[in-house]
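By letter and in written order, the chains are A, B, C, D, E and F; residue numbering begins at 1 in each of them.
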Amino acid sequence: MTSYWLLPPLLLPLAGVPLTLALRKYPRSQQIAALLVMFAALLSTLTLLRQVLRHTALTLQLGAWPFPFGISLTADLPGTFMLTMSHLVLMAGFLYAAGSTEKVTRYPTFYTLFFALAAGLSGAFLTGDLFNLFVFAEIIVISGAALTANADEPAGVEAAYKYFYISTLAAMFFLLGVGALYAAYGTLNLADLARQIASTPLSPLALAGLAFLAVTFFIKSAAVPFHFWQPDFHAAAPTAISAMLSSLVVKVGVYGFLRLTTLLFPTVSLLKTLLVLVGIAGVVYGGFGAAGTHNAKRMLAYSTLAQIGFILVGLGWGTPFSIAAALVFAFNHALIKAAMLMLAGAMASRAAVKSASFSVVVGVGKYHPFAGILFLLGGMALAGIPPLNGFVSKFLIFWSGLDSANYLSLAVLGLASILTVTYVIRAFMRIWFETNPEAKPKAGDSLLAPALLIALSLVLGIWADPLIVLAQTSAQWLNDPQNYIRWVIGSG
Amino acid sequence: MNLLLQIAALLFLVTGTAVSFIGVIGFLRMPDVYTRLHATGKVSVFGLVFLLLAADILTPLATWKALLLIFFVLLAAPSISHSIASAAYRIGVPVNGKRDDLAPKVHQSARKPRNHA
Amino acid sequence: MTESILLLPLLLIVLGLPVVFLLRRMGLTNPKAGWLLSTFPLAAFFILLYAYTLLPHGKPLFFRLPWIPSLGLNFSLYLDGLAALFGLIITGIGALVVLYTGYYFDDAHPTRPTSGETHKSSLEVRFFAYILLFMLAMLGVVLAGDFITMFIFWEGTSISSFLLIGYKYKDEAARKGAFKSLFITGGGGIALLAGCLFVIHLTGSADWNTVIAGRELLTNSPLYPAFFTLIVFGAFTKSAQFPAHIWLPEAMSAPTPASAFLHSATMVKAGIYLLARLNPALGGTDLWFWVLSGFGLITMLAGAYLGSKQNDLKPLLAYSTVSQLGVLVALIAQQSEIAFKALVISILAHALYKSALFMAAGIIDHETGTRDLRQLGGLRKQMPILFAITSIAALSMAGLPPLFGFLAKETLLASATHPGLPPIIDSLFPLTTVLAGALILFQAAILVWGVFLAPPADPKHPPHGHDPRPGFWLPPAIPALLSLLIGITPIEPAFLANFLADSAKAAYGAKVKVSLALWTGINVPLLLSIVAVSLGAALFWQRNRLRAALMTFLPDLTVNRLYDWTLRGLDWLAKTATHLQGGQVRVYLRVIAISAVSLYLLLGGFPPLSLLPSPQWNLHGLNGLRAFSLVIMAVAALSTIFLRRDLFSVLALGVVGLSVAVWMALEPAPDVALVQVVVDILTTVILILGLNAIPRKQRDRANELLHSRRGMTRDWFVAGIFGLAVALTTFTALELRPRESLVSPYYAENAKPMTGAKDIVGAIVVDFRGSDTLIEIMVFGMAGVAIYTLFHFGARKPGEASTQETLQTLPARMPRGIYALPTSPLLHTLAYVMLPLAFLLGATHMMYGHDQPGDGFTAGVIISLAIAMWYIVFGYQETRRKLTWLNRNNLVATGLTLALLNALLGVALGEGFFAPVNYGDRLSLPLPPGFSLSSAFLFEVAICLTVMGAATLMIDNLGRIREDENA
Amino acid sequence: MQQILTITIWIVLAAHLLMAFAAVWQTLRGENAVTRLAGLDLTSTLTIAVLVVISIIRQSSIFIDVAIAAAALGYLSTVALAKYISDQKVF
Amino acid sequence: MNLITALVIGTLFAAGIYQILRRNVIRAAIGLALISNAINLYLFSMGTYNGLAAAYTTATEQISDPLPQALVLTAIVISAGGFAFVLGLLYVLSTRYKTSDSDEINGLKH
Amino acid sequence: MRFLQISFPLFLVYLALTGNLTLPNLVMGALISSGITLLLPPIALPPFSFSRLPTFLWAGLRYVFVVAWDVIKGTYSTAKIVLDPKLPIQPGIIAIPSGTKTELGTALSAHAITLSPGEMVIAIDEDGVMYTHCLNVEDSARFVAEAQSLRKNLLSKMFE
């Protein structure tokens, strides 16, 4: 019955939804309950990770239906890896929200929607069914958009509107893809699909399905040129949420590609080439966008375009090493980006007007040196400067590129990564070095969550081996889709 | 199946359809919305109800449900015509006719005619 | 474990960091703190010295700690002569600088206000911390035992020097300088990382030993030019080689102690260290020689020339450093013993005199308030001690006997005239060396003359100052004296000579003999030296004219413009990039749609037309009806576009939905048809509510906004190709029917036996794929909660009462009037009857959903629409008052909780999560036929509750226009 | 008889579809909002009728279930629309 | 017949895409609804057989593929929820931006 | 009693919807219709007593037939109008007092009028006057008042 370990990481956030909704009139208890449930979810995820490491993959056939007729929840190492990343950052997000001064975090349904987001993320990484993945992706969309629409920032509604339109398009593509694959193979279970796809030549229907799914995941991961919603959305969201969106939610798209390129369509090399091209476009565009924009949170959102680009390139190179590098990159980026957005938001909350616009937060850092240290460390991590975890990510990506002799794309990545240093340092100097007579000492959002995340980044920079081993093992698992198929089938 | 019932069903079908047909023609021919609504009423009352009666006979297991639907249609259809006509009058769709007993009453309650939505 | 001693110096400095903060707690003054803190580097110095003596004969000490074992990466430390030379310089001068820092920031004895440097009486925690941090990084660079460890510390020096340069961050120059240095060295860092990755990739290990042993492999690799360029670029940016030197002068906005440390003795030498370290591995090739000597010589000359133009002491010294760094690079280019001898001597000599000079410049600044030669002069009598120190150091810099600098210059000249240099270099090298030597001498002379000897430039306001306290002048005095002592000592310091020889050997890769004798007889170097000195003297003699000429005629040789252009170019690109994000969602959607179709074409999703069968037109029977409904659908869909009024468009949409329902019913798919009808109506109602909510004027204006003909054509094109792509895919799928479904037959066979359902679709929805449905209703529920939150909180204007408050304060307002629909008894009755009917209908949908169309979702929507009818007929407030149980959020919460508990109950009963359980059978309840009290039923109830709550949340929030806005 | 019935049913279906088409047509070109609304109501009534005919053709009561729900909801939406048209607000 | 079905589904998609590219936000919302209708038809067409009977266990003829129907049900519900949410957003946008022109809703850019 | 007045019809509807008369289903129906009744707000219903039940049923039955006859008559005349090429109509709105005291009675009257083609209630005022749109004002003004008095009588027998 070890496979029941799969449930708590998903069920706890799911249960958080009605629980916090029922407690909406008792804000204090609601908050405590939310933190406790999320913490329990985190613990259960870590337990799950331990279980997965101990006994290979865990699969639970929901409803106890035999494979492939029900929905399988599957915790293989790559999925659990993403799940662990999510729950760590989500916990930080909940902590940040608890110490936040933003009004939206005090709305009675804030935690409800937040839990829905968490549940969507957990489900997306655990489900072994294509359509089920769609459903989880949708709950992420609606809760994310809802939280953003309610942001203190008045433009939140606009951001949510744009995001929702484009996400609806993404949902359409998802369903187009699901439909085409079902039409081609008559099944929706990922393992079963993989098995079928491997055993027959690819038909136009299957390729259409692949194309539609690729578009979906490109939109979800905000890959250039499918990214337009992202800078608006991530910048306008409430800080605690934008930290989740920029660090985790886009990873759902990345995760989709992980499964597409390794499990479902490992033979379609064109897809991998596309990933590299799109990834590079993201790296370049995101870098410049971050350098050119006018708002600290927006800058970090653009930066996510670039960082996702790195990850996609790693996936596109497609060697076990580069995939491991991409996974490490994804994990570390989640911690760093969440921390950085929280710091940007925390500074915005300390500004005269609550805004992360550089013209407002300029010089606000004067009274908050501790936040400055955190921001500088986070910035170093983002730019890939040791001894923070960002360095390990960049190092691995570069190395894996070298390893697979992708010199050209590597050169672009290298050139573009100087941009990271530029915009991070500029932002740092604007907030902490420049003077601003408007800036007054003011209490704002709690720095606990970003401090914890930065500490974790530091730890993972110095004690990087476990994460890399995890990623490498995950990449090995991914490299052998037959294993995945066996695990899922075996459980039915 | 009982021939008599079948013939009844046939009759229901034909009558219902014929009356519906008249209703639709009326709907198309009538000059304004009020008069049109008189025509559409027939489609609900005869068209649908007679079809349901036929279904009642011809379709297994439909007996009670069809009766329920008949009840429901007869209950609701007039209310619908009523509400559409009321809305039409409210937005000032003119009544083609000499007599309008409602007009003076409405003037009492300070009616503000509106443009058509 | 003798190797682990290598950790000690680093640990000592790390230890210093918390001590700094401790000292602030204790309220120590800056000088005291300086004394105390300098003991940490000093101890490190001695430990290093001791460690050096422990070196096994000619072999390095190597300490290794596994760091990332999975990648074979270690944290390793390495001590050989070269590392020791740099390490001792860093810790030795570091100790002095820390001591100096204490006095530099001392406010207890303020003399004069200095040029903009802020002085606080409290402890300069930040500065001490930064300088120790920097020292740690720098020491790490030279003690690192492998490429990666070195790189880590290398980046550390970039960051900590950024902090030091930007220390006076209120000053814009400081910020700019800090950014510039970080931009350039950071860029170099990335190149270096890439380069070292190449090397590691080729040699298989990052250890210095392996790298050096992999020389053949590396230099013969076809990738050699690539990684050579990357590594050398990294080194050059750090060591301020032309044209990357531009950051160094601007870095002078750092407080002087930092300049003295970073920009004379240490950081700029990191690049030199790296090149020297890698010389055995990468050196000796033509590329190496030409690139290094080329850049080195140019830098040497440029630095010397630019330094001669300066009036500010610190830039003057900085440029002379640039020049000196060029020399060092040029030396590493050579592959001769003498060059490496010159290298190590120059490094040491430069470290000694340049740090002394920087610190002296700082004292001058501190005491007189200026560093500008045009305001200084005549300080010889006021500051005799400083005069002595400065003179000695300056003489050493000028390369005059009997100072250590002289020896450095002699060996340099010797290597410049070393036979065996390639043709062009063999004449160019001596020539530039002499010229640069002369210019450097000129600078040294100007410095001493201008500050101490010359009459004050402005006699009315002569500079005031006096010698500082001993603690302040001691730090520069020590290296100055050492410059002198090493030069004049009659007995050659054998230890030092051996030590330097050892260092040179590590860089050269073979044994190097080093003697420290000043006098080596009359030879070419000496003659050249004399030429250089005479030239320098001549230049000094003509100093005024020369400097005037330099200032006015000759160019600044600065490539700052290049840097500015680069930054401006980047900024332009950045602005352009962000302007692609134009704010119009239509553009975004269009780009995405086009990209998507391109991707579809690219990946080959379209079937080859030859494979498409010719269409079959069997339009009789049901197919004819299907076709009919499809045609209506298409016509209505297109009419949504062509109808002018929004309302009519909405109605046409309703028709689309109904015809879809008809099509579904024909297909035949009654379950879907039912839900389609339900949702179509819900959608229409919601849209009407939306129309209701958005002012007519706005919508009309938006409709009147003309789309350009071109824009419309483009949109039609986008829409058209998209539609075509989907149509193709659909057609393919339809033509391939019947196909094999792996799962559907199972559902058909097992629906009845395993779930008790006749309705297979219903069984899939609640049993086989229940978790889809769970999340689906959660999505629906969250949509309701989202709208609720938005209308009650997020979209509320400040000061506006919440709708709940409004509800409590406003009196029940029943619309009155003869023609108002809500007053009609007919509608009252209808509404009143509809609600219980909807409940009944919902109840049967839930109870018998397993055998017939309808399920919890339709039940929920039907009931909530009946409630909506109440809202319409009785008004919102009256409805809420009448239906007290209608707590929408609680309904959602209850529904979701029930759904989860129901799923979990399966686990508790050992059937599995979400497994079908028939409680009715288990408890042998007498239930009506066709109804089973099962998990599926409970799930339907949960769905119904959630949907009811959410749908009413949607309807009432969207439907209730604020009173003020409606007025 | 059975055959006559079958043919009649198909004719009835065709007739209803034709009528539905006419109703849609009037809905789309009605001279004012209420006329269109009346047209929509007629369309939905005819749609329900079609569902009933289908249930006869398919010999299955499940389409009546669909029809019941459709009727309930159709009436409701018509009332909502009427209210909207007359008051420019729904409630 | 298949061609007609495919073309009409394509037309629905095209009309939907065209509508979401309109400046009037209500038209764009209609576009969303059209697209979700189109998606339902599409998913349904991805079923594996031409059904002659509704997917009930009592059916004696070939039933229509039940799985896509279940997927359509889920998709319908999700898009309905999303659709309501969009209209909520549109309302707030119209009060905040005083416009229904999507091109004027461009406070977030660069 | 009120409770039963509401829940019993619901019970019947439930049985119609489920279509089986086994004991468990009767129990279930009773439970469900009671439950639903509890959710409905109280409403003013005419008093009910068993002694008047036969009167009620008889009047009700007659009412149904009266209305049905009106409907058939109305349909016939309307069909004639529709199919007449000249479309001979004389539309107009006339006021018809419902004459019943209860809202339910008024509603039923309005329902009956509107149900039969040719007349349609547009508005009802506070006094229960139904403003009725007629296809043929002259005819209707004659017949409707007559028909209404008949219905009014039946309704008052049922509810008073």
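Note that in this section a residue touches a chain if its C-beta (ideal position, glycine included) is under 8 Å from a C-beta of that chain, and two chains touch if they have at least 3 such contacts.
This structure is a prediction, so every number in the text was calculated from the model and none was measured.
Novice: By label order, what chains touch chain B and chain E together?
Specialist: Both chain B and chain E are touched by C, D, going by the contact rule given at the top.
Novice: So which chain is the furthest away from chain A, centre to centre on CA atoms?
Specialist: It is F.
Novice: Please state whether B-D or B-C has more C-beta contact pairs across its interface.
Specialist: Taking the two pairs in turn, the one with more contacts turns out to be B-D.
Novice: Going by the average position of its CA atoms, which chain sits the greatest distance from chain D?
Specialist: Max centre-to-centre separation from chain D belongs to C.
Novice: Rounded to the nearest whole Å, what is the centre-to-centre distance of chain B and chain F, using the mean of the C-alpha atoms as each centre?
Specialist: 15
Novice: Averaging only over C-alpha atoms, locate the centres of chain D and chain E and give their separation in whole Å.
Specialist: 22
Novice: Report the inter-centroid distance (CA atoms only) between chain A and chain D in whole Å.
Specialist: About 48 Å separates the centre of chain A from that of chain D.
Novice: For chain C versus chain D, what separation do you get between their C-alpha means, in angstrom?
Specialist: 61
Novice: Scan chain D for residues touching two or more other chains and write them down.
Specialist: 33, 37, 58, 60-62, 65, 68, 72, 75, 79, 82-88
Novice: Can you tell me which residues of chain A touch two or more of the remaining chains?
Specialist: Residues 131, 135, 138, 142, 145-146, 149, 157, 161-162, 165, 169, 176, 179-180, 182-183, 186, 188, 231-232, 292-293 of chain A touch two or more partner chains.
Novice: Check each residue of chain E and list the ones that touch at least two other chains.
Specialist: Counting only residues that touch two or more other chains, chain E contributes 20, 42, 45-46, 48, 53-54, 56, 67, 74, 78, 81-82, 85, 88-90, 92, 96, 105-110.
Novice: Looking only at which chains touch which, which shape fits best: line, ring, star, complete or other?
Specialist: other
Novice: According to the definition of touch, which chains form touching pairs?
Specialist: A-C, A-E, B-C, B-D, B-F, C-D, C-E, C-F, D-E
Novice: Over in the complex, which chain E residues touch chain C? Could you list them?
Specialist: My answer: residues 1-27, 29-30, 33-34, 37-38, 40-42, 44-51, 53-58, 62-67, 69-70, 72-74, 76-78, 80-85, 87-92, 94-96, 98-103, 105-110.
Novice: In their complex, what parts of chain D are in touch with chain B?
Specialist: That would be residues 1-2, 4-5, 8-9, 11-12, 15-16, 19, 22-23, 26, 32-35, 37-39, 41-42, 45-46, 48-49, 52-53, 55-56, 59-61, 64-65, 67-68, 71-72, 75, 78-79, 82-88 of chain D.
Novice: Name, in rising order, each residue of chain D that touches chain E in their complex.
Specialist: The contact residues of chain D facing chain E are 58, 60, 62.
Novice: Within their complex, state which residues of chain B touch chain D.
Specialist: Result: residues 3, 6-7, 9-10, 13-14, 16-17, 20-21, 24, 27-28, 32-33, 36-37, 40, 43-44, 47-48, 51-52, 54-55, 58-62, 65-66, 68-69, 72-73, 76-77, 79-80, 83-88, 90-91, 93, 114, 116-117 of chain B touch chain D.
Novice: Residues of chain A touching chain E in their complex?
Specialist: The contact residues of chain A facing chain E are 131, 135, 138, 141-142, 145-146, 149, 154-155, 157-162, 164-165, 168-169, 171-172, 175-176, 178-180, 182-183, 186, 188, 231-232, 235-236, 292-294.
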